[in-house]
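Following this line, the structures themselves.
What follows is a pair of complexes built around chain A, which joins chain B in one and chain C in the other.
This part shows the complex of A and B:
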């Protein structure tokens, strides 16, 4: 009995292959987008874990110096006093064709970790110069100047060598940190008295890569979830329509003696089969999507956070299982309502379209109430919410409220249009559109979500871009930037440049904790370059004079907003004490807190801090660059001109949003597919409603034209609805999410040209979705329409 | 004056066993103001004949005249225009437009044809006994009420020819009789010709002329 019933139910799909394809495609795409994003996140997180495991940073305490350099003597003093410490030297260097992070370790004293384990394979070779790097890094270096072996245990962009070798490469006898063994002998002199200049970092502290990149991954996850939700709308819509189409079959099967329990079980089995097939296809697609986006994600993470993420994707069975689970769960969620309805459907329930619409009217009331409640929640979150999670909840509540309100708003608009309509066809057009709205509403809700997300994210990115470019123009005013290889070279460069350049602005910084956040303190030379160009937020009067007089500190926007600082507030600086905040400056793309004090005061406190970069003002950059290359043999990686710097910054910016744009486009495609699926499914059911009009004297061509117009009108109304929702979304992203996730707030700028373009795309998507059913109606009209009358007997 | 004339009309359809001839040279002539019944067994070609007369389907050969217009020479748009202005169709399943109220359904075809006459529609609604139901929707009506609205919709456009396909097939005998009475009265009142397709010889007997189709041929006319 069950087999016969299942066969009868599945026969529906054999006759409606396109509908089946749409349902499977919807679920597969939803799974693909979700699992693709998860694959990207998993890959990045696994890379962070590799980086942390190299020196067991998560498990060992460390000592460092605010200047970033520890003298060899401090290490010696600790060892002599009996402390079990191991030296680490870490610096950015140019090796072959790539800029890499060089890490030098002392394998015999280093706490157990992936790095020491690699060295221990052949200690003699390691001591005599053998290094280790990720295979991808080796490819990037290309001409390897020494023996470097490939190893997956080393993070991308890092080269691991013996500390002696690292000091030789860097021409430095300093160290950057000292790792402490987990167990130390008893009765040792305290660190505070032995090495008071050093700072003790507890295990995991200072290795905040995962923390810093959390916002980025949360953004990705939110997009994945949005795309998945849009995909589920398709499945929900397709399943619901298929159930309605087969209502007569359900009646017959039940009349023939099939128990309701068996019928429901058969339909649940059908859904399970579909979820498995589509979920598997979605995983393949998701993997392909992730592999496609991985290089951009890796570059973004490296560019924004310096996170060593490889550009290639590994297959992880756990990820596949989770993706399949999501597909199954999503299908269960999407099909639950249909199964519940079936369970409560009287065996001989009428299948009249208006009856269906009336049944939906109650649903719509519930939906409207839910939309109102979510809107209220959004308002509460907007007023009282704090933190990134509250920001995302605000986003979700806003989007869901707007999506749920779509049928209500459209019904009202269609009713008003019906009242204003003159002529029988116009009246029918609006009345019929309203009647069919329940069947299309899910697809329209999905379309609204996708369009609103596009408008919101598009506006946010465009606003950000416009602000960022203006900001770059002001920030990158130095014509040439040079990264010295050592402090001797830095001093030599300064001496060489003094008579040749208009100004030489050294960049010095120390690592610090400000307001409990990992931060950097920078030195700023009092110069017109900064006075004339740096945009400031809420500056105090005579801000530059006061900064030059060491009367206060400038902070970056991230620190300013995250710590709730105001101009005039005091900020506690290590080794300096409290200083008044003179203003804030935008600092896009930097995850860390930052403070700027004047150069003389900085040098007074941290005389050992190395010069990391020299910004050079000159009117003849090419000649100066050529002179620097001749005199110092500087490599291309060490010297950048203004145009290059802007190009690099813009490229990082563009890459940051490549993934966002790709997911946006895919979400819109999924929504178009949802509409197509709904329209194709509806087309067959619409015949009974359209045939009488044909009999009353309308041609199939007219009917097809009306169907196409209807789809466009619905799409257009949805786009109009999406516009304010998208702008609210953009405002939430700019004023709440960005502030919480990155620490900067941007002004909302509107780009009507972008909306027009999106509107055109949406119209094309709707047209594409509606064309096939309309074309079918036009081309095969009479034969199919006559069947409506022939089926009467 | 002739309202509908079919001259040796043939029609066949493709099937898995080759072409099936449904009408084999059928001729028929119906004058304005007269009521004709068309009977026959299932599959005898009654509905096909009705569809061809309405221009819903095209004959393979022969001529189909509605008034002075030869349907066989008209394209789809021409046939649709003729249907809109001159032919009224009544179906077994009523085929009212579910999204429109009774009032809007009643006036729909007349407005499409540009022949809307509000007084006449009110008169029809009263005669058909649906004047109190104008604000309702089709699903809120009984089968008999729906069919009366369908008749009103058809006659409101003042067609010269009314084609009714088993109009009482979905109604009980008593309701069916009442609906047929109204249909006969009102077509006579408006001067329209009526071709009634029915299985029932009892209903057919109420028409002035009766034609019987058997296997696609006109077997006899009384």
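This part shows the complex of A and C:
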């Protein structure tokens, strides 16, 4: 009996293959997007762990110097005093075609775990020049100038060499840090008396990658969840529809004596089977999607945070299980209503799929109330909420409130249109649209969500881009930038350039803690370059004069916002003490806090800080570059001109949002599919309503045209509704999420051209979704329509 | 090879570093006279050792060590043993400035009581001052571990030594004073290690009296006793068929000293030196000594014979050794058994036992 019942239930899908395909595709897509995003997150996180394990920064403390350089004698002095320290030299260099982080380590003294790449390798070869790099980095370097072996244990973008080799490559006799072994002998002289100039960093510090990138991953997760929710709309509508269509079958089965319990169990089993099949397919899709997007995610993370993430994806069975669990959970959520309704269905309930329409008036009231409550929550969160989580909750509440309000708004609009309509056909068109709304509303809500997300994220990205380009133009005013190989060369360059360039602006910095955050303090030479070009937020009067007089500091926007500073507040600087904040400057794309003081004061406090870069102002950049190359034999990697610098920055920016755009497009596709599913299933049931019109003289072609028009009108109304929601979303992203996640606030700019393009896309999506049912209607011919009147329905 | 080319048990790369066993040695024949294939110098029979220069490092040879052991008695009446070793291992012959130096240094320190055994190790690159040896005035160090000569004018630079080492659970500082002359092992310091003729330069200072302080987890102990220094350098590892060795230094109650070892393998090989109280050595040829394991101890998953019967029939010697602590396993990157012992039989006294390759 059970088997027969199950076979009868499943036969529905054999007769409605498209509906089955929709259900499976919806669930598979939802699972794919969600699990794909999770795979990206997991991969990135494991990359951070690799990076931290390399220098055991996750587990061991380190010593460093504010100038970024430690004299090698300090290493010897500490070892002779019994301290188990190991030298590290780290720097960004150009190797072959790639810009990489060169890390020099000393394998004999390095803490355990530091030399995984070295296991079984020949130490002598390592000492005399063999390096290790991630296979991907090795491919990026392409024309490898020295022996570098591939090793998965080395983080992406890093080349691991012996400390002596690193010093030779960098022409340095310094170190950048000393790692401390976890257990030290007892009774040693304290570090403070042995090396008072060095700073002890506890194990957690300097390994902030996971914390810094949290916001990025939260962002991805939110997107995955949104896509999943949209996918569930499809499943819900397909399951709900299948339920309605099988009312007659349920009645028959019950009448034949099938217990309600068994019937419900059969239906649940059916759902479970579908969830398993679609979930598995979704996992495969999700993995493929993640593998496709991984290179861009990796580039984004490297560009934004310097996080060494490989572009390749690894398979993790736990991830697959979680994805399948999500598919099962989602199906249960989407099918719960149908099961619940079946459980409460009287055995001889009418086999008419009408219950929904009747129940919809009451449902609408509940839904409106819910939308109102969520809107209220959003307002409360907007006013009182703090933190990234509150920001995302605000986003979720806004989106849900707007989605739930869709049917209410559309009903109102359609009613108004109906009133304004002239002629019976127009009146019927609006009235009929309104009557169909309950069945379409879920798909329209999904479409609204996807469109709003598109507008919101698109506006955010475009606003950011516009601001970023303006800012780059102001920031990158120096015509030529030179990276000196050593301090002797830096001084020689300064002397050489003094009579030849309009200005030479040295870049010096020290690492520090500011307001408890990892930060950098920069030196700024008083020059028109900065006075004329640097945009400032909340500057005090005569800000540049006061900065030049060492009367205060400028801070970057990240520090300004995260620490809630205001102009005039005091900021505690190491070795200087409190100084008033004179203003803040935008500093996009930098995760760290920054402060700027005037060069003379900086040099007093940190006379040993090395010059890392020289920004050169000149009228004739090509001549100067040629002179520098002749005189100093500078390599191409050491000299960057303005155009190159801008190009690099912009390229990083563009790659940053590739992933966002891709997810946006996918969400929109899922929404279009939801609409398609709803329209296809609706079409079959609407025959009874359309047949009388045909009988009254409308041709099938006219009817099909009307159906298409209806879909477009609904889509258009949804798009109009999505516009303000999207703008609110963009504003929340710019003013709340960005500030929390990155530390900068951007002005909202509107780009109607983008909306027009999106509108066009949406229209195309709606047309694509509506065309198949319309085409069917057109092709159906009189016989089908006539049968409506003959059939006992 | 009295000591040193230790069989590797720890990191794989250290194996490559410390053993780098060149298989072709067997085929080279003629006791590997002249330089070996990789350009390292090789010991030659008949070369007279020159002091104090030979107390210092020989960077053209592959391996070298400064090896001190001491059998001690504490003010608490308990027996203790101390080991301090500085190994030098060259990745290529010669010396260079800075990180380019091919010399690698390894320090081992051990401290044994009847109930405990502590071991620590240190690693260092040559060329940067983290470790090294100067012959005169004598100073050997790695990190804060050091062996510093305080000899008076006219004495050998090794006659008075200050010794210090520190692990995470222990540290010690001891004074060593020589009461007799240096002793050349083998043929005037040329010590053969295998039937194929592998050899090293090897001399000892077996006549130290020792005093100082041990700092154990339970607190400090004042100690005094006797010490033994071994100096050895070579470029020739064991022959491929040799698995490891058992080595003893024995200090007899009547003032005699004896060094003996057996190299285990397909063909066993033994050698030793009988030393009178005035320092006159008598080399004991292959087969003169017989080593018979009596009791085995299970340590770190290995069966190690920690009690031995040692016979020298021609000298009328038959003794059995008992370790102070059978668990004296040096569980380091390169691991082996090393600890103090007492012996009884035809003769009585104290000594040190080292066993590798188990």
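The criterion applied here is as follows: the second predicted complex is superposed on the first by the 779 of 793 C-alpha atoms of A that agree within 3 Å, B and C clash if a C-alpha of one lies under 4 Å from a C-alpha of the other, contacts with A are read in each partner's own complex, and residues count from 1 in each chain.
Following the convention adopted for this analysis, a residue touches a chain if its C-beta (ideal position, glycine included) is under 8 Å from a C-beta of that chain, and two chains touch if they have at least 3 such contacts.
None of the values given here were measured: they were computed from a predicted structure.
Trainee: With the two structures laid over each other on chain A, which partner does A:431 touch: chain B (first), chain C (second), both, or neither?
Mentor: So A:431 only meets chain B here.
Trainee: According to the stated criteria, A:701 is in contact with first (chain B), second (chain C), both, or neither; which is it?
Mentor: In the superposed model, A:701 contacts chain B only, not chain C.
Trainee: Have a look at where A:491 lands relative to chain B and chain C in the superposition and call it first, second, both or neither.
Mentor: Touch status of A:491: no partner.
Trainee: If we overlay the two complexes on their shared chain A, which of chain B and chain C does A:423 touch? Say first, second, both or neither.
Mentor: first
Trainee: Which holds for A:167: it touches chain B only (first), chain C only (second), both, or neither?
Mentor: Once the two structures are laid over each other on A, A:167 reaches chain C alone.
Trainee: When the two structures are overlaid on chain A, which partner does A:146 contact: first (chain B), second (chain C), both, or neither?
Mentor: neither
Trainee: Examine A:693 and indicate which partner it touches, taking first as chain B and second as chain C; both and neither are also allowed.
Mentor: first
Trainee: Please report the chain A residues shared by its interface with chain B and its interface with chain C.
Mentor: none
Trainee: What does chain C use to touch chain A in their complex?
Mentor: For this pair, the touching residues of chain C are 11-13, 16-17, 91-92, 98-100, 102, 104, 123-125, 128-130, 141, 143-144, 166-169, 171.
Trainee: Spell out the residues on chain A that touch chain B in their complex, using ranges where they run on.
Mentor: 350, 352-355, 358, 423-425, 427-428, 431-432, 434-435, 689, 691-702, 782, 785-786, 788-790, 792-793
Trainee: Tell me, which parts of chain B touch chain A in their complex?
Mentor: So the residues of chain B in touch with chain A come to 42, 47, 51, 54, 56-57, 76-77, 80-85, 89, 91-93, 95-100, 104, 107-109, 111-113, 137-139, 165-166, 169.
Trainee: If we count contacts the way the header does, which residues on chain A are in touch with chain C in the complex?
Mentor: Residue positions touching the partner: 72, 75-76, 79-82, 84, 106-109, 115, 118-124, 127, 162-165, 167, 183-187.
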